[in-house]
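Labels run A, B, C, D and E following the written order; every chain starts at residue 1.
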Amino acid sequence: MRAPAAAQSEATTAARLVKVLGGAGAVAGLAIVTAFLATKPRIEANRARAVQAAIEEVLRQPDRYETLYVVNDRLAAQPPAGADASRLEQVYLGYRGATAIGFAVTAAEAGFQDLIHLIFGYDPATGTIIGMRVLDNRETPGLGDKIVRDSGFVAEFDSVVLPLRGVKAGQGQDSPGEVHMITGATISSRAVIRIINNRIQRLRPLLDAYRAARPEAR
Amino acid sequence: MGELFWILLSAMVVNNFTLAMFLGLCPFMGVSARVETALRMGAANIFVMVLTSLCAWALNTFVLPHAPYLQLISFIIVIASLVQIVEMVIKKVSPALFRALGIYLPLITTNCAILALAIFQTTRGCTLVEGLVFAVGAGLGLTLALVLMASIRESSELADIPALAKGTALVLIIAGSLSLAFMGFAGLLSGG
Amino acid sequence: MNGSLLVTTAPHLKAPETTPVIMWSVVMSLVPVVAAATYFFGPSALLVIAAAVLGAVLVERLLSSPGTLRDGSAAITGILLGLTLPAGLPLWMAFVGGAFAIAFGKVIFGGLGQNVFNPALLGRAFLQAAFPMALTTWPVRRESWWALAGDNFAIPLMSPQVPEGTTGATPLGLQKFEHTLTPLGDLAFGSTGGSLGETAAVVILLCGVYLALRNHLNWRTPASILLTVAVLSQLLHLLDPARYPDGAFMVLSGGLMLGAVFMATDPVTSPITNPGRWVFGAGVGVLVVVIRLWGGLAEGVMYAILLMNAMVPFINRVTQPRVFGTTAKASGP
Amino acid sequence: MAALFRHGVHPPELKELTARIPIRRLPYPDEVVLPLSQHTGKPAKLVARVGDHVERGDLVAAADGFVSSPVHASAAGTVASVELWPHPDGTWQTAVRIAVERYSPQAIRPRVVPRWEDLTPAQLVQAVQDAGVVGLGGAAFPAHVKLSPPKDIRIDTLVINGCECEPYLTTDHRTMVEYPERVHLGIRIMLKAVGVRRAVIGVELNKPDAIEALKRTLPGDLDVSVVGLRVRYPQGAEKMLIKSLLDREVPSGRLPMHVGVIVQNVASVATIAEVFESGLPLVERIVTVTGRGIRRPANLIVPVGTKLRDLIAACGGLTDNTREIVFGGPMMGVPVADLDTPLTKGITGVVALVDEEVRPQQSLPCIKCGHCLDACPVFLNPQLLGALARAGRYEDMVAAHLNDCMLCGCCSYVCPSNIPLAQLFRASKAAVRRVKAA
Amino acid sequence: MKQSTAQEDLVRGIWRENPVLVQVLGLCPTLAVTNTLANSLVMGAATTFVLISSSLMVSSIRRWVPNAVRISTFILIIATFVTIADLVLQAVVPVIHKALGAFVPLIVVNCIILARQEAFASKNTVGRSLLDAVGNSAGFVMALLIMGTIRELLGSGTLLGMSVFGRHFEPWVIFVLPPGGFLTLGVMLLGANWLQERRKSAAGAA
């Protein structure tokens, strides 16, 4: 008599557990989706604005830019059908009037502490860097983070010819590829230079191919 | 290969979860009194981290592209359930191993280092292999910090620590000193 | 016989060595090192060392029970900290370093003999993390011996005034960042850039030999460190001479000699067993080579020793001597 | 050259005060005090009664069981009282006071002295016990116990301990120089009692005259050798001596017999010979009275039970700067505060230390220099043991081999911070024993 | 169990049972995000939001939650609020959200929050749970703000980004680095110990 009763109560508890958890899950899911939908426009706007600001800075205020996608080692103006655009490697092409003035490219490699994420403008016609901005880093505050805050260092990337070469402060002969590094943050400085050089070395064939194929991008 | 080695070292010493990233501090404070327990906790951590890395990769690849807002909830629920399942399996298969590690498993699941591992792996867009190496590195780093702290604490049990500093204050100051020492690894393999 | 007899337990005789004797003998053997630093860097050297000693001694006096200054260990901490600093450092920073070294490196652990980390090096690591620029500003050549090596008299808490481009380079920095080697003669007898105690490796070595002969320091630790660094870096050098400097350069440059002879040998923060000392030294040596050759910093002696300090309790645990009449392995050399 | 045991220390030897002074006999004091416990083991059972007249050599207290040793009157006289009296170990213990008969010739009662050659080993052992012979090397362990090892133990070597590695003492030294034949006879008897062929005498090289004397008198028909050993304390500790002479390590917690060895001190051996030469039980022994606090240091034949006061008086008294008097050597000896304390069988010397040489009382924190580890002859970690002792962690101490510590004091001797390590270990051992008993 | 008053519920978490300084919980965020005051403030606000909302929710549904799934339900609730907080921060203060990095999502595993649900909200009325949550949040925020103030002031010479000591001040960079975090909290605990000792000895003397 008692055994079935126990089994039954067990069954009801199990059912109740599922009901409670399921209910809670449903409510939670609902709340999250609501919040997600409510904040989505602003988050995306923020993100877009941040990207835009960075691109405008490193390409020196283009009139407009378009987003290109790296697909199978080629640049494409449109993501392939069905692919999630946000998960593809992206490159931005800036225009002043109708002329393309250069590509904005993001890159990340190890710095002193951890990865340094940066974006830079590159003019393939002259092989020069137009400008550079560090997007994210964990370098030492006061030393390595001068790659962001030292305007002199950032200005070093204003129209330098590739490949970049780091020289110590107060040295060098003003040859075109020289970038004066920050005293006390040689490693971070050198990392920035290395990141740009490596990135261009990898992307140059793609960019050149794209330019060759698209006359207006010259 | 070089890249993987850098990920390992970076997670283990350069950006040590405990000493440089402030993750998993509660267990670090709680179970660092004895070397023996520290070692077991460390082993359990490495194990759970590897599992987590697998879960996170699977979720990132198959589920989250469709519902990004579920990231957090799915991470925490999937990791917690998986650890529980594994715990039960271990209990069945190897009671000895369970006795050695088992009691630490539930402690770890709700620990921020584990969740952080999943999140970092996601934001960095790790591949499966990279994620696994990252998890092993982070776990080893955690174990290293735990064991060092435990052996220091054991030896300072015999010292005349001022009454004021006994307990957590001293542990934090030792952690600070360890963290200072770990700064020596900064920039490792990043090409000076 | 006067008065009543003493009743103490055996042994009733005592070897003449005492802790204060050991400590002050270390202080005395640091005198030539300080003198060499003063010879090469001018009055700034003495000022910086004095400020570090003052910071250490003052805090020891304030926080420890009275009389502990007499054992001389706080003075050693101050002098050794001073010797790891650049000559041009603002004196207030040296003072802060000394104070931190004693307060957080020693008193917090219960005072003499109980600390885990080398106080002097912890003080320097603190300074390097707090004021990284000032700690890597090396003096350039001065016009006269009397000239200061930098803005020693910067107002406390304020930044030193360093004219742009006046910082020099250390042999290791030159090697690492510019791939230029400094001649070995200069390394051995001084006249290189760097911290106060990074010059004149030979003087330091002689002082160490003297202390070792008096059994005031255990020779195994420095032997193990120097041997490891020499062998490991020479091997790497043979593999790729363009990339890695040779063993002699590695041994003579930077703070290695000072660290190996005076700092890794701190009895309190190094292993107590002889096998442990070999392990400790090998660990320091490997870390020095790793940090110097592959790390982000030019010099790694300080971090190597601090990291191995943290390992000491563990090393002690696993290198306990084999008790007479037991068969467990791991008997010491 | 024999292998040397590792570690240990080399304190100043300070033996020149008495090394060349021939042994002389102390005049009989007015009173002797005989504690019932003069040996390791169960105290003897009192047989004499107050008022009894005793002759020299008469039984005063009988052995109480196998690991026990009888006590004999060391002078003719009257039993004045049986009372609690200061004991060399610092406590008060039951002792028999004998008022010495001033004009007695102190001859022994005539008795039959058995020819040892005719006795069986068992009878030899019994005779040794009846004579109250205990080890004279310090521990005063009843000699007959050592001479009767359990059946399953095979002894192959008799080791004779002539190291006398303690500073100051010259008791064994003078015994070997002046009575080498008696030592050899003792060895002969012991070899027979134990049924062993080989004996090795270990003597430190700072006693060349003793080595020479023993070698000169070496019996041709026995396998006995004399081995000179490099001077190092505590070579005389039996485990170290066995290591040095035979390169055998007595396992932790085991006895010399477990590696086939019996160790006996030279003076004990000489005493055994004497028992069978004259029939006199152990009623007197040779003692070095020395130290910078003694005005006329000497090597004396002293009746057991002589009070410290009488001994000192016979040596010209104490100097003004005497600070501490020690029974035994300065490394392991026990301090004596009461000049009425009697000399017992196991006491090898009396050393009066002066102000400048006694150990200072204050200690500093341990600086982990490791000197103590480099000194400990049994390879313990005295630093760790000391820290554990201060924390009262006795169980951890036992795990760290506290029981292997023989309290030799090498660690305390070298410690620059003057930490009383051996003292801590003595106290901890006592605490462990109490815990075990409870 | 002795019934505590409403005032006790509120005050307890601020000092006597301060979650960080006394119970040593939630150390990770306390150390990781306090290198500037602004980060501390935002982190404090986010945690407060999550703690209060979760406590309200848990205490109001506590009757219907069976024991077996208690913890899972709590975590679900907490994770929901954290996700919401995360999204809102991302929308409103993107720069700080980036600076806080993974530590916003990590509020889910913040020991304090789960501990309050377990120890209090799941057993008490909505009103008292609210007071408890407010008190504990205040204690947590207080610890964050002290840390943030010390570390930003000494480490950068600024407060909320504004220069305090002038141009020539030499910042003590270590305070914004990881070791500085440990050391600052260590010294704060020393201070808390010292205060407690003093109070005890004062009480003993009285």
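Just so we're on the same page, contacts are C-beta pairs under 8 Å (C-beta built on N, C-alpha and C of every residue); 3 or more make two chains touch, one makes a residue touch a chain.
Remember, it's a predicted structure, so these values are computed and weren't measured experimentally.
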Name, by label, each chain that touches both members of the pair chain A and chain C. B, E
Just to be sure I understand the contacts, which chains border both chain E and chain B? A, C
Can you tell me which chain lies farthest from chain B, using the average of the Cα atoms as each chain's centre? D
Far-end chain from chain C, centres as C-alpha averages: D
Looking only at C-beta pairs in contact, point me to the busier pair out of B-C and A-E. B-C
Could you say which chain's mean Cα position falls nearest to the mean Cα position of the entire protein shown? C
Per the C-alpha centroid definition, the whole-Å distance linking chain A and chain E comes out as 32
Compute the distance, rounded to whole Å, between the mean C-alpha positions of chain B and chain D. 61
Nearest whole angstrom, what separates the Cα centre of chain C from the Cα centre of chain D? 50
Rounded Å distance, chain C centre to chain E centre (Cα mean): 41
Two-or-more-chain contact residues of chain D, please, as numbers and ranges. 365
Multi-chain contacts in chain E, i.e. residues touching at least two other chains, fall at 72, 76, 79-80, 83, 87, 173, 177, 179-180, 183
Identify all positions of chain C at which a residue touches two or more other chains, and write them in rising order. 104, 111, 114, 126, 129, 132, 177, 296
Pairs of chains in contact here are A-B, A-C, A-E, B-C, B-D, B-E, C-D, C-E
If you look only at chain B, which of its residues touch chain C in the complex? 35, 147-148, 151-152, 154-156, 159-162, 165, 170, 173-174, 176-178, 180-190, 192
Chain B touches which residues of chain A in the complex? 28-29, 32-33, 35-36, 84, 87, 110-115, 138, 140, 186-187, 190-191, 194
Contact footprint of chain E on chain A as seen in their complex: 13, 16-17, 20-21, 24-25, 28, 31-32, 35-36, 38-39, 42-43, 46-47, 50, 136, 140-143
Chain D-touching residues of chain B, taken from the complex the two chains share: 157-158, 160
Within the complex, which stretch of chain B touches chain A? 6, 10, 14-15, 65, 68-70, 73, 124, 186-187, 189-192
